[in-house]
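Structure provided below as structure tokens; questions to follow.
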Amino acid sequence: MSAVADLMIGQLHSAVQAAQRSGELLGVIAFATSGALLAVRKNLDIFGMAVLACSTALGGGVIRDLLVGRTPPAAFTDLTYLTAALLVTLVIFFRHPSARLTRGPLEIADAIGLGLFCVTGTVVAYTHGVGAPSAALLGMVTAIGGGVIRDLLGGQVPSVLRPDQDLYAVPALFGAATTAVLLHFGVYQAWTGFLAASLAIAFRLLARRFQWRAPQARYPTG
Amino acid sequence: MSAVADLMIGQLHSAVQAAQRSGELLGVIAFATSGALLAVRKNLDIFGMAVLACSTALGGGVIRDLLVGRTPPAAFTDLTYLTAALLVTLVIFFRHPSARLTRGPLEIADAIGLGLFCVTGTVVAYTHGVGAPSAALLGMVTAIGGGVIRDLLGGQVPSVLRPDQDLYAVPALFGAATTAVLLHFGVYQAWTGFLAASLAIAFRLLARRFQWRAPQARYPTG
Amino acid sequence: MSAVADLMIGQLHSAVQAAQRSGELLGVIAFATSGALLAVRKNLDIFGMAVLACSTALGGGVIRDLLVGRTPPAAFTDLTYLTAALLVTLVIFFRHPSARLTRGPLEIADAIGLGLFCVTGTVVAYTHGVGAPSAALLGMVTAIGGGVIRDLLGGQVPSVLRPDQDLYAVPALFGAATTAVLLHFGVYQAWTGFLAASLAIAFRLLARRFQWRAPQARYPTG
């Protein structure tokens, strides 16, 4: 398992170094934006904004690192991500739409973070020796985790569960599964990874635009 | 400690293999049912149901595995449990009582999950070299954890804290402590384990039926 | 890294043994008090009180231990802390102010726990080989974590985010950063550690008394 992981780390080295870090960084920026915008909507002060932005941006990755046994998690050892999340907070603090107009930008930023993290999360899990199906699962958890933390802290029902919400977990699972297939067949590269992320983001945004919804179990049969 | 753990794993091998896996699987099914029923009550769609069912069914075990340092947690490496939770979601989606009648079945399923997980959680912790009292504590956390995650995600106060609620943590602690005593004296077997689980389930159901409640700190003395 | 950690553990030995354990224990008592008082306010029964007191008192340390890879966390192996939290629950159960007067004592106990845990959390992270800036970050997370768990379980928006709330994360970060500087320059001792904790507590209490608040991002510029 460790040998496989080492091999994979070697094979993926260029892709990971080029795409993985920039993908993670973009995901952090997108989720930090969504956290900071929710904070604006809830009238939090600048420190509350920073806490919510950082929890959202780093939370999914921290959960993933704990689950694969990478301690301390990258978010605490490589402070680039934290710094990026704090810079995003500052920018949103000074330039943001009015509270009631934050919903659109928040959901777009959230979709971008979702798409990027389902890919990078799957890659991190896979390079830590987790099998492809489990890696896809961990990738989905990484992608969803940050948003769930944001919504729990911000006092709203998580997007992933909201009954009036369009497909959310499905795009994340789709992106994670695509990445796992790419990894399994050894064709994961910088551009295929970004393609998978783009598909997941497009899927989520289309689901929002056209209100693709899953059926509810409304009518009892028992 | 590791030697003790190895020895215990050996001694418990038959009991663990027979009872542990089936106990865990039954616990997963029971908690997945409770999560899916809460999702029905909250009018979630089928994917929200799946997320809530899986979080409830696997959450307690994931917390326990993280606490004893077993990474990645069993829920991510052995996909039997996840599959079971998803099958339960499907069944509940097609056959369930009307939303307002879900409370009873939800609480019965929850009691069964609680009783099974306090036993299996204690065994897993103990076989990882944790001392008997700490193993009982971890067993209780395993049993309670899934339900707390379900209630937090579903936007309600956790059962374990609800002021109008009958004894909840106490049956879990009772089952976990009984199991720890059985393990400590080397008399933990498939049937004694199931007995401990049954006692905990009966305790919880009786507490519900007869509304056994603990005193509240209502009247100030200061 | 491990060698550094070993060295640090050696150097800090007297300070850690004298101050660290008593600091942690005092922090546990303070946070258990805040959890038990919130439970009184929410009319929970004695077991709900115990769960909330223990989650608050031990939660931050458990999160920290998981993040630095110390499993099982100290709270599960050294039952002194749990026992202390349970004794606090008993005391608060029998002697507490009326529910509507719990707010002041709750916030004072919370400030004391916050100040003590930002110091002890930073020390634990640092002695586990984490760099000084990351150790400060983990110290802040330890200090804030317990209160966040308490507020989430108790069904209220976490103090650290509440918009009507005075500076909360900043005193914790201040205490953690001070401790990290002390550790980095090798002048961390029992008394300097307690001084850092006292400064953080004083900072938080002054922030409450004089309602020091951070600016909100209320006025849109976009």
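Order as written gives the chain letters A, B and C; numbering starts at 1 within each chain.
As a working rule, a contact is a pair of C-beta atoms (placed from the backbone, for glycine too) under 8 Å apart; a residue touches a chain by one contact, two chains touch by 3 or more.
Composition by chain, UniProt nomenclature: A, B, C = Membrane protein YeiH.
Note that the coordinates shown come from a computational prediction; the quantities given were computed from them, not determined experimentally.
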Shortest walk length in steps over touching chains, chain A (Membrane protein YeiH) through to chain C (Membrane protein YeiH): 1
Interface residue overlap between copies chain B (Membrane protein YeiH) and chain C (Membrane protein YeiH), same or different (over half shared): different
Magnitude of the superposing rotation for chain A (Membrane protein YeiH) and chain B (Membrane protein YeiH) (Cα, nearest 5°): 120
Distance between the centres, which are taken as Cα means, of chain C (Membrane protein YeiH) and chain B (Membrane protein YeiH), whole angstrom: 29
Per-residue multi-chain contacts in chain B (Membrane protein YeiH), two or more chains: 66, 69, 152
Touching residues on chain C (Membrane protein YeiH), where the partner in the complex is chain A (Membrane protein YeiH): 66-69, 125, 130-131, 133-134, 137-138, 144, 148, 152, 157-158, 160-163, 165, 167-170, 213-218, 220-222
Footprint of chain A (Membrane protein YeiH) on chain B (Membrane protein YeiH) - complex, ascending: 39-40, 42-52, 62, 66, 69, 71-73, 76-77, 79, 82, 92-99, 101, 152-155
